[in-house]
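Heads up, there are several structures right after this.
Both of the next two complexes hold chain A, though its partner changes from chain B to chain C.
Let's look at the complex of A and B:
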């Protein structure tokens, strides 16, 4: 290992720990988002009522999906937020270069993703415990109430991968937006424009839809992991390469 | 509705972004760290509590199979056909028809009024059979068929009516509509996506979870042949001579 590599590692490590302390607010926002989603989940994701001459049955369905979806939105926004000038400028309080700055940010991003995925997975468990205490033990008789430790682990890995992917997309958008004011306006406009077009489904364009299905329709966790890891490497790698020549401070 | 989704997404993004940029203004870092720590402790504790909860799988409504659905539908079809032809003789002993009440009353009057209170027999089949024995006895049998709602057998929840004889009136009461409130959980999409058997077993279970067959109530009343009958009921009445 060369001396330069060692210095880069140490520098990255130093910046990483600094970011971990300085951006506690990001973890806190995640907590607020997840608690809000949990409160929303108490209303149930769906409900139905069936009746006959002698019976009325109402069924409320609960799920931790609201927590996961809101955490994913938080992940995307956080990815963009990590490229904000105020955050990038902090790196230059140290003897720093663009690579160490980006690597420490990626390390911080992965830490955020890990904490957020653990919390989002366990929120589903917390929801079940609260519902058990609130509605009585009969809720535990539902077969979907039980989550085995293996299922928890699968869910944790899947959520971690989804969060990392969304954060990387957000980071990529954010870094590209730093290149020029034009891109700053163009990228969100294109994204939401396409989203509206695809929802209306009369354009024939389906870039976001196809990308979405590329990940969501994958049934093998291993293949899904490979897809996400490759996509994250491409996104973060291209973000680093494209923005390596940005001015130190604007 | 689907057009609202992107708008909702934009709103959510703005809220999260706003929350982040303002959080540090209102809270000190040490306070945030404490709250985060407490949050994670609660989450981890919930896992311990969750796995210590008693196993209540014995309280679960009986899960049904495709054969159960087929049999329940066949039984309902047979009852409907019997209603058309008036041939109920084999219905009471057929598969999927369960006896849930039996009453006998001594009666030597010439007229009998059959009434129900509070729409007690609404939708039920009331089969009135007048035998020729003139044995001065009224016999009432109540039957029910399987009630399957969203893939769960709820036949046990269907209660029998109350029957009484008073001043020449056979009165049906007590059949108020049973209210059942159920809570179900849906597994998260992050789990279902990688569930190995999802395409086979889970899909089958999902299909069964949407199957509903409301059972029928049958009231078989045997009255002496010499008694004149008048009825005021919400049930579908059939006479067998």
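Let's look at the complex of A and C:
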């Protein structure tokens, strides 16, 4: 009997397909999150009405924002979930090493991000169609009602990048918590601590705020993409390297 | 050829040394039983061999490579225990299909055959299985994967006696057709004695002995008779186990070092000489107290 040889790429591929089959449920969770967000959006995000003499003008603003925001929260949670011990141990029931296990998880995560961003983009189109049917043609007058295919593509890319970024942050948090109990406590504490500190205007600390603006204020899609891609590579790369020597199936 | 090579291998947890200075060679295509009490370090040793745990110090080689986090070792090894995790969303038959994609030598016919024999339901989920059924299912994966190194860590947890017997028989039959290196850990030697070639006996993280099963029987003998007579015979011979019963009567298990003449003399003075089963020898050797549980009650 000779030894079976297997390269990292082949194994990662096998584990990726296994994960697609095993964690189909995560796609459903995403759909549920987005559909509930869509239902919330029907109420309109803000309303205004003015009256003068015998005329009343009321304005309702509808937006797909809720879908995006909830999808981003879902993305973060999913990123954390994918680092769960049980997911790792499922890999190690069969052939695996740390790197193949993590790479296949990341591949699966990116697939989720892709599907989620397409779905979220289409949801905002769906919202427009439903609002059109519901309120009649009056909405069509609004300048933001019609989206060109290019705009749709740009928003798709931007949403995909945001989802990937949030998932990577979640993944990074999850992996580092796996590394030590100390970090598990320290990381959330630091995050909320900083958040409170930053809210007080006089503190002068603005790490989370600056990070937030670093991404959100970016007007060029290209520069934004580069920022996100570099951050994602740093987050995921450091997570892989820092946890590569952890023991499994404890 | 040696499949596993340990040299002065150590594994320490925060405040406990689970494996101490272990030096073992496991030859290719042998079935070795790793025997020891609860907490003796069997699982720690096996998980280091499987590449799940990192050694603290010493040398460990599996297929000539350091096993921890090693792709080549993982591709040629399967580790079966009752804690195996499988995806909640997959049915048992889907898990078997997935397993097949990871192991090129996987025998689907055998897997299916065993699956049906043990009347498992293809549409059930792993979570829903009882403890014994889980062990049975895991064991099927372990046999059908035909890995060059197959490790079973307490594989029969929860199985009933009939299934246990069938499992060992299935393992032996498949081994004969497709020889491979098998490590089988258990705290009970009795039921696996027949299929083992070698026994690795572990006590408190240390190797006590590593011998062919047949050689273990020769290690000790039992003496039963009058306390004074027996005490005289066993002077400066190691006593593994001592039990008193009746008035002035004693039963001891000792190292098999008595000369023929001494044995004859003992017989003549009314001492009964008995052979000890392999299982009992292992139990006595790994015991912490010479008198066994009786020590607790005899303190007064």
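Following the convention adopted for this analysis, the second predicted complex is superposed on the first by the 239 of 250 C-alpha atoms of A that agree within 3 Å, B and C clash if a C-alpha of one lies under 4 Å from a C-alpha of the other, contacts with A are read in each partner's own complex, and residues count from 1 in each chain.
Assume a residue touches a chain if its C-beta (ideal position, glycine included) is under 8 Å from a C-beta of that chain, and two chains touch if they have at least 3 such contacts.
Model, not experiment: these values are computed from the prediction.
Q: Identify the partner contact of A:9: answer first if only chain B is touched, second if only chain C is, both if each is, neither if none is.
A: neither
Q: Return first, second, both or neither, reflecting whether A:129 touches chain B, chain C, both chains, or no partner chain.
A: The first partner, chain B, only.
Q: According to the stated criteria, A:51 is in contact with first (chain B), second (chain C), both, or neither; which is it?
A: After superposition on chain A, A:51 lies in contact with chain B alone.
Q: Any idea whether chain B or chain C touches more of chain A?
A: Partner with more touched residues of chain A: B.
Q: In the superposed arrangement, does A:192 touch chain B (first), chain C (second), both or neither?
A: Touch status of A:192: first partner only.
Q: Thinking of the overlay built on chain A, is A:17 touched by chain B (first), by chain C (second), by both, or by neither?
A: second
Q: Return first, second, both or neither, reflecting whether A:33 touches chain B, chain C, both chains, or no partner chain.
A: Once the two structures are laid over each other on A, A:33 reaches chain B alone.
Q: Is A:73 in contact with chain B, with chain C, with both, or with neither (first, second, both, neither)?
A: After superposing on A, A:73 lies in contact with chain B but is clear of chain C.
Q: Please work out whether A:25 is in contact with chain B alone, chain C alone, both, or neither, and reply first, second, both or neither.
A: both
Q: Mind sorting out which residues of chain A both chain B and chain C touch, each in its own complex?
A: The overlap between the chain B and chain C interfaces on chain A comprises residues 21, 24-25.
Q: Which of the residues in chain C end up touching chain A in this complex?
A: My answer: residues 47, 51-54, 63, 68-72, 74-76, 78-79, 83-90, 94, 98-99, 101-105, 148, 179-180.
Q: Contact residues on chain A for chain C in the complex?
A: Contacts found on chain A: 1, 3-8, 11, 14, 17-18, 21-25, 86, 89-90, 92-98, 100, 244-245, 247-249.
Q: Tell me, which parts of chain B touch chain A in their complex?
A: So the residues of chain B in touch with chain A come to 2-3, 5-6, 9-10, 12-13, 16-17, 19-20, 23-24, 27, 29, 32-33, 35-36, 39-40, 42-44, 46-47, 49-50, 53-61, 63, 122-124, 147, 149-150, 154, 157-158, 175, 177-191, 193-194, 198-199, 212, 214, 217.
Q: Chain B touches which residues of chain A in the complex?
A: Its residues touching chain B are 21, 24-29, 31-33, 35, 45-46, 48, 50-65, 68, 70, 73-74, 76-78, 80-81, 115, 118-119, 122-126, 128-129, 131-132, 135, 137-145, 147, 151-152, 154-155, 158-159, 162, 192, 195-196, 199-200, 216, 218-221, 224.
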